[in-house]
Amino acid sequence: MMTNNQPGMTLIVKTITRLTVGVILLYGIYIVLHGHLTPGGGFAGGVIIALSFVHLMLAFGKEVALKRFSMAAASVFESLAGLMFLTVAVLGFLGGWFFLSIYGKGEPFALFSAHMVLLSNIAIGCKVGAGLFAVVLGMLILTKSEGKK
Amino acid sequence: MNMLDIQILLIMMVVGAVIAVESRNLLSAIVAVGLVGLFQSLAFLLLMAPDLAIVQLVVEILGIVILLRATIKRDTISPEGGFRFLPVFAGIVLAAPIVIAACLTALELPAFGHPLMSVAKTYIADGLAKTGAGNIVAGIILDFRAYDTLGEAVVLFTAVIGALAVLRKVGRKQKEERSAAE
Amino acid sequence: MIYSLCLILFGVGLYCVIAKRNIVKIIIGLAIMEYAVNLLFVLFGYRLNGSAPILDKIQETKNIVDPLPQALVLTAIVIGLATTALLVSVAIRIYEKYGTFDISKIKKLRG
Amino acid sequence: MNHNLIPLFVIIPLAGTFLISLLGKRVRRLPDTLSNLCTLLLLALSLWCIPAVKASGMIVYKVGGWVPPIGICMVIDGLTCFMLVIVNVISFLVTLYAIRYMEAYTSKEHFHTLLLLMIAGMNGVVVSGDLFNLFVFVEIASVASYALVAFGTEHEELEASFKYMVMGSIAASLILIGIALLYAQTSTLNMADMARVLRAHSSPKVVLFVSILFLAGFGLKAAIVPFHWWLPDAHPAAPAPISAMLSGLLIKTLGVYALVRIVFNILDPTRILPVFLFLGALSMLVGVFLAIGQWDFKRLLAYHSISQVGYIILGIGLGTPLGILGGLFHLLNHSIFKSLLFLNSGAVVYTTGTRDLQELGGLREKMPVTSNTCLIASMSIAGIPPFNGFWSKLIIIIACIQAGHPVYALAAVVASIMTLASFMKVQKYGFFGALKERWKGIKEVPFTMALSMVILSLLCITTGLLVIPGVAEHFLKSAADVLVNGKEYATLVFESVK
């Protein structure tokens, strides 16, 4: 499959990837931010974000992808996003109940409405994206080191 | 009649599943499973669940990528030489009664297309007013039942940490290293 | 009828897990079982000629499908993905140690 | 209004877990300290529950302020409180033990993250009052345990973990089908509301099939006999503190507790109880027969877990107040002595590096703390009089005879004698006898490991006192009452919501 010397796939794949990867990432972010209005939400958007990095990694080899987003960064991001979601939940105590929505609801159908849903969606999106990317990366690193043996 | 297209999709899913189960080549089995997932995504769309259709589609893509990474450059031919009676028999004996009993039980439930919706009525009536989210499903998972979603995010977090723990290169320290640490 | 097709799908998955001797096949069987259960859940919530549970400014429809099973299935799909990721990681490690995906050849453990 | 403390059972371990995974690599001592701190806090919190439940009977916490059938609720009653105390006592002692034991493995921060996630999952299962939420937390604890079983990443561990994971996923699918059927029937997910709807109108066929699905699903998690064959691989393969958690807590919270809660409080127990009795007796005998021929210390203990869970299921399956009391009491006792035994086996592995009983011998001389605590635990599990195991087995046997099942009583006695025989073997080959040449240089285990074993052995001696009338009412009886008066659950929940 890999005929050229460079890591990753052929030139055609690389060129197409360069064009599409940003669009996919943006689409993922769009899905996350509009989760409370349109279908989608944190999970779908997070998986799309992870897929955009996976796409980059499959096309260019893991070094290029790692330069953009390293393993340690992925796991830090994931834990931070987890803490953020938990904080959103714990802040509800200010209003008296765990997970109480204290953030106001905003104008219906506006982008910045349903603040609790929006905040949670962002946290989940970051978490899912970083976490799944870390898993694929972990698998790839192991596969590479196995090949060297 | 809306039911016919869902039934056709379901039959296609069963056929795809049988191909995935019986195919000798692991790569084609994985592709067949991807097909089943795609049909399921379509079925969700027809069943008026667009959120699920999107999630199913992207999860399916990621799942296939992960599965392909597991099999590519490894054994792609399933090594089952010939027909072995015992496992096939055990599989049929265990799976068939569950399916038949479940089908009989399903007859007792409310007919297809007429759910009871006692709790769900509240969500539909008050969802927008109480959560501010136009997408009722998002309102449910992130406000009414947000605690479930916390659990779900934690399951994913657990699986990620677990996978990273399982994939680390050396599991145990050597004896010398251990005594040095003490 | 429509439920039984879905349950047959579940049966195919269960059969695959029990009868097959290849790790990847077992993972595929588990995935098929998950699909069947998720679909069953959504089928239970479907309402004839209902519309999707997404409100917008203009129309005010009364006949909306049950949104709760959809929310639950969303959770179930993600749980399924998490389990699959962990299964595949362990499978990769098993392949690295034993050099095969055939579980009848992986027999360090008795019973 | 101290009710705001209830969600802390889930918040504390989750916060701990995120912090450890965030900072664990940078700050060296943080994983140990933080996870011990979290479990200590949880322990204090669970002890606070006892007087709180006694004062108000049942506490219902509305998550997000939504009234129960709409939102999720957390319920604390006698049984929950009982399970919370067990879970948090054992997990505190296990984390204490793990500080030194896990020095042998790499990436401790992953270990502590997963351990806290498992504790969070178990606490979440116990406090949950919503069926789907219970399922989600069952999955958290299970996924964490799958990864922890494979933590050593050696051949056997990976294989055992894979087997365990496949069985666990099948169980999860069966449970989810059960939940889906119940949802289609009742159109609600809150357990109390479900019970109310099912009582008003339900089809007996659906209830029976759902009970069978839950029995199979949670039975797989609890390793009741026809579903037991993953356990003897998975439990020995894990690091010793995790074996203690799995055998002592996980099979009980995810398996027995969840099953019993659903069957007694939501569904109708009368038609499924004879199956409980039969499977319980079968597990009891099969487990002990398989255990007696084992030479691997941890594998032997794992087979005994199957047999002891059989006792619990048998006791609860009788359905009489005394039987349920005995079953729950045995659950408490088993989690104490089985965790102690697994920690002992871990101590043996820590010093000698082997768990084959034929290679050991005479460790008494060199490891007095380990061998004495192990002796106490062995006598407890075998049912020698002053220790706790005796009392609970006695109650179960008396309850069997009272309920008119002398055959099951006989089976319990036989299993008890066989247990005694197999633990005499452990003591004889492992700790008594002449010290072998190659073990001359070994030392006793470090202080924190010894401390947690000593505390557990003291608990073995003292928990026998819980059956004394006057003491039992506060703790044990209130837990058993929840199951005995299973049908009142729904009314109680809705009364305390108001």
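Chains here go by letter, A, B, C and D, matching the order in which they are written, and residues are numbered from 1 within each.
FYI, a residue touches a chain if its C-beta (ideal position, glycine included) is under 8 Å from a C-beta of that chain, and two chains touch if they have at least 3 such contacts.
Being a predicted model, the structure only gives us computed values, none of them experimental.
Ranking every chain by how far its Cα centroid lies from the centroid of subunit D, the top place goes to A.
Between the interfaces A-C and A-D, more contacting C-beta pairs are found at A-D.
Subunit C has its Cα centroid 23 Å from the Cα centroid of subunit A. Centroid to centroid, with C-alpha atoms defining each point, subunit A and subunit D lie 36 Å apart. With centres defined as mean CA coordinates, subunit D is found 28 Å away from subunit C. Centre-to-centre spacing of subunit B and subunit C amounts to 2 Å, using the average Cα coordinate of each chain.
Annotation for subunit C: residues 10, 14, 44, 52, 54, 56, 68, 72, 74-75, 78-79, 82-83, 85-86, 88-93 touch two or more other chains. Residue positions of subunit D touching 2 or more other chains: 14, 21, 63-64, 132, 136, 139, 143, 146-147, 150, 153-154, 158, 161, 177, 184, 189.
The multi-chain contact residues of subunit B, meaning those touching 2 or more other chains, are 50-51, 55, 59, 62, 66, 69-70, 102, 106, 109, 115, 117, 119-120, 123, 128, 134-135, 137, 141, 143, 145-152, 154-160, 162-164, 166-167. If you sketch which chains touch which, every chain touches every other chain without exception. Only residues 52, 54, 56-57, 74, 78, 85, 88-89, 92-93, 96 of subunit C touch subunit A when the two sit together in their complex. Across the interface of their complex, subunit A is touched by residues 50-51, 53-55, 58-59, 61-62, 65-66, 69-70, 73, 128, 131-135, 137-139, 141-143, 146-147, 149-150, 153-154, 156-157, 159-160, 163-164, 167, 169 of subunit B. Taken together, the subunit D residues at the contact with subunit A in this complex read 4, 7, 11, 14-15, 18-19, 21-22, 25, 61-65. Put simply, subunit A touches subunit C in their complex at residues 38-39, 41, 43, 108-109, 128, 132, 135, 138-139, 142-143, 146. Subunit C contributes residues 10, 14, 17, 23, 26, 30, 33-34, 37, 40-41, 44, 68-69, 72, 75-76, 79, 82-83, 86-87, 90-91, 93-94, 97-98, 106, 108-109, 111 to its touches with subunit D in the complex.
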